[in-house]
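Below you'll find the structures, each written out as structure tokens.
There are two complexes below, and they share chain A, which is joined by chain B in the first and by chain C in the second.
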Partner chain A sequence: MSSDRKKLEADLTHFVQSRGTRYAQATLQTDLLETGMLDSLLLMDLIFHIEEAYGVRVDSDQVNPSNFRTIEDTVSFLLKQKALPQA
Partner chain B sequence: MDILLLQTDPATEPSANIAAGYSGPVSATNLGTCFSDVARGRLNHPAVATRASCFSYRWIARAADQVRRYLSSRPKHVAGARVALQLPNSPEYVAAFYGALLADCVVVPLPVSLEVRRRTQILELSQPDVLISTPTDFNAPQDHSAPSTLRLAERSDSQDSLPPPRRKNHDLAMLLFTSGSMGTPKGVMLSHRNLLANADSILRELPIRSDDRALVVLPFCHAYGNSILQTHILSGATLLLDRGLAFPSSIVESICDMEATSFSAVPEVYGMLLKYGRLGERPLPALRYMTVAGGELRHDLAEEIARRIEPASFYVMYGQSEATARLASLPPQQLHARRGSIGMPISGVELAVMDESNRELAANAVGMLCARGNNVMLGYWRDPAATADAVGTDGWLRTGDLAHRDEDGFFFLHGRASLLVKVQGHRVHPAEIEGLVEADFPQTAAVAIPTARGDETRFVLFLAPRDDRPIDVEKIRAACQKELPPYKQPVHYEVIERFPLTSGYKVDRAALAHLVPEISGGRRAQPDDILTQSP
Partner chain C sequence: MKWPLVERPVPNTQVPLYNRFYLHASPASQFDPVIVWGTEIDADALQAFLHERNRDGRILLTAAHALIRATALALEQCPELNVRLIRRRIYAFRNINIRMAFFHRRYSEIDLMLIEHTNLKSLERIALEIWQRMLQAARNEGGRDRDLARLRRLPAFWFRRVVRLYGFLDRHLRLPTLGRLDSTRAGCMMVNDLSFPGAPPMRVYKPTRFPDKSDSFNLTLGPVENKVVTRSGQFVSVNVMPIFLRADHRLVDAQQIGRFLALIRDLLSNPERLAGGHYRQSDIDRAVAEKQKQ
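This part shows the complex of A and B:
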């Protein structure tokens, strides 16, 4: 596993877990939708964090469950985006 | 406090006959009785529908009857006893709500994810006899008794009919806890008449019909969500619930797939719908209207929503918990001409702009927006001083919002008179954040300043030392993350040597607000930030 992936996994897991006791159990594979952890506020905060910390622009058609259902999904999405040249 | 957990048996078939019990006269003075009357006429119509299942009015009425019987048969049962609901938007919530009213109880709805500290405060203030939840949502308070379980809508043999509920009109029906002007929870006392009057006003304003299907994202425990619940149930219409509505694109999909005829949300959700939801790209033939309330939606965004959902209409509305829910509405055809207006008072409501001596001001003068009508609360729970501040002896409610009225009678807001801010429709006072930090870290002074982030309002927390000890920001951040719900958590922490002071030696919040853009990344929303992404 690349060190890039590991770093992103650690950062995003910390980001989600640190939102409060309800989120403390979240792991890479936790289904954030099924568990009700992912609400519009967390989604907005995640997008803001990704855009700020990694300079990745998130487009409207990318804001969907396949990229944000689990932390792992978001990491994979982020790695794919980072590999592309940014406008 | 007793605990009651509701369990729904998915295999339950609705029986042919409604459970006995609603033998009372048709009455428009008790909300629970009104629900029963509507349910009797709409037995097989869906009251609550998800993608997977449908809960008819018969199902809800029978479940409400079970809750009612459980509550009224408790040995200590007294009229006016509080019943706390810790339930998400669900058929169980609807059944528990009306069941409690039919049992002559007072409903105290609690958000499912309410932080422990806040919940403890609310439970101590309201002293409910029973807390109703479900096995999944139940989060045990300290020293609770062993929960009882009620299996909802099981086939039951005919039971004795119950006498009609005794509480009505001005009797307390619901305690809606909100953030008061000092940051402590305040219980807005709503009577049967308040709830019925506001539902009636909204029904005269919005084109709600009995065949409507409203997609609900607003929590029922919130004033705005509660008004969606009441107006649709009293119309015999259907409430649509769906999962995954955190995604703007899922909202649009649900409106389309579930054939929703209406949708209501707070401004932040509309911001997301425009930015990420591709609203307007696919036709929504069933949709007739959308409404926004619970905060100010930027005018250009309101116009953009209206354009994208055509021929459906877009209603900008205004209200507050102290007025049950809604006070004003802007007719959709006036949206363009009355830029930034919250509209005119809805039927049964009077609005006026007043000065500090409660004298009505002329058109265009800015003052306190005041409201009067049968929807104005009874007062704050066990807080006569706060009640007297908010509602005058003449019945005028001081909303706390500054406003002016134009010559044609349209009202326009000019911000809050107090420090309260709206975050995703939740009223938050900076003291709720400051108080937590100062209680846990007495050597640190804290001031929370609202900041615009994208189209949202969030908080930046300024920290200043009270003595020589250094401030441990990470510890403070961890405490906030542990104890505050996400929408109250500061998005940035900034240590400064000392706070700027006003000439009156109070913390100069305006001066701190000027520091916010430079330190929080400076990514303030540009006016065309969202509109440049138009499809």
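This part shows the complex of A and C:
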């Protein structure tokens, strides 16, 4: 696993866990949708954390479950977006 | 410029007598036309539906999106609720447009958005538009956000005068919607999703009325709660979500509200009925054009 991926995983896990006791148990593989953790507020904060920290722009049609179901999925999405040239 | 209301008011003869008592009462009588009705929906069915659709869907769906689609479909069946007051006359809206309150991330406050022709749109289309607007608001990129920024800079003295003058005209005249700020006046139903994680259980909720007369109804969804109920003589644990409707007795009576809420409850408890509607904008435009020809 690349160090870039590990760094992103650690950062996003910390970001989600720091939102309160309800999120403290979240791991890389926690299904944020099934557990009801992912509401519109967390999703918007997560998207803008990604945009501000990594300069990756997320479009509305990319707000799909496969990109945000778990922190691992979000990291994969982020790495894929980082590899693309940004407009 | 758009004209959200039909040209002629609902004839007096079609307004139920008891609604007319409220409609024509003197302010001196200190009457209160607000009715609030609370009920519950089967959250297990809704959650199972959302989990299924989110398994391989192209847009992330939430309970708020389902509530908006259900509200539009119920309004289609209860057109007598798609109305507002101007002076003491009731006017119907031309289209089914739903207002939604959302958290404007940039300013850390609540803003409104309008989902036009909601009844013609699929659940996915509604969700896409909502995510689009929320992202736009958080980036402060939309025209409405620029207008809101200008409004925020207005000194209190002028703010008060503008709001009062606009409110006076809106209460007395059948106005068109002119810009991005007043576009939300084109819908009578405000939908409010307060089912966010960590929200306290909701026993009673009386939504306030936004100081514009188009805000005739408010539908608020509360957080999921676990309850023990009896089914076929057995105790079973179920998840429910409270839902509250605030209505105006000058426009509708309790029987009409009850029918409308029963429809919403039925749709959300059997969410497979929320299917249908168009996803592509070209299909929505075509459906709107066909409706206008009729």
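The criterion applied here is as follows: the second predicted complex is superposed on the first by the 87 of 87 C-alpha atoms of A that agree within 3 Å, B and C clash if a C-alpha of one lies under 4 Å from a C-alpha of the other, contacts with A are read in each partner's own complex, and residues count from 1 in each chain.
One rule holds in what follows: contacts are C-beta pairs under 8 Å (C-beta built on N, C-alpha and C of every residue); 3 or more make two chains touch, one makes a residue touch a chain.
What you see is a predicted model; the values in this text were computed from it and never measured.
Asks: Should A:52 be classified as contacting the first partner (chain B), the second (chain C), both, or neither?
Replies: After superposition on chain A, A:52 lies in contact with chain B alone.
Asks: Contact-wise, after the overlay, does A:60 reach chain B, chain C, both or neither (first, second, both, neither)?
Replies: Touch status of A:60: both partners.
Asks: Tell me the contact category for A:10 with respect to chain B and chain C: first, second, both or neither.
Replies: neither
Asks: Under the stated touch criterion, which partner chain does A:41 make contact with: chain B (first), chain C (second), both, or neither?
Replies: both
Asks: Contacts for A:33 in the overlay, against chain B (first) and chain C (second): which applies, first, second, both or neither?
Replies: both
Asks: Regarding the shared-chain residue A:18, is it in contact with chain B (first), chain C (second), both, or neither?
Replies: Only chain B is touched by A:18; chain C is not.
Asks: Go through chain A and flag every residue that touches chain B in one model and chain C in the other.
Replies: 20, 22, 33-34, 36, 38-45, 48, 60-61, 63-65, 68
Asks: Hey, which residues of chain C end up touching chain A in the complex?
Replies: Interface residues on the chain C side: 47, 51, 54-60, 62, 64, 102-103, 105, 128, 131-132, 134-135, 138, 196-198, 224.
Asks: Quick check on the complex: what are the chain A residues that touch chain C?
Replies: 20, 22, 33-34, 36-45, 47-48, 58-61, 63-66, 68-69
Asks: Would you tell me which residues of chain B are touching chain A in their complex?
Replies: Residue list for chain B touching chain A: 88, 113, 115-116, 243-250, 268-269, 272, 275-278, 424, 453-454, 456, 477-478, 481-487, 489, 491, 521, 523, 533.
Asks: Can you list the chain A residues touching chain B in their complex?
Replies: Residues 18-22, 33-34, 36, 38-45, 48, 52, 60-61, 63-65, 68 of chain A touch chain B in their complex.
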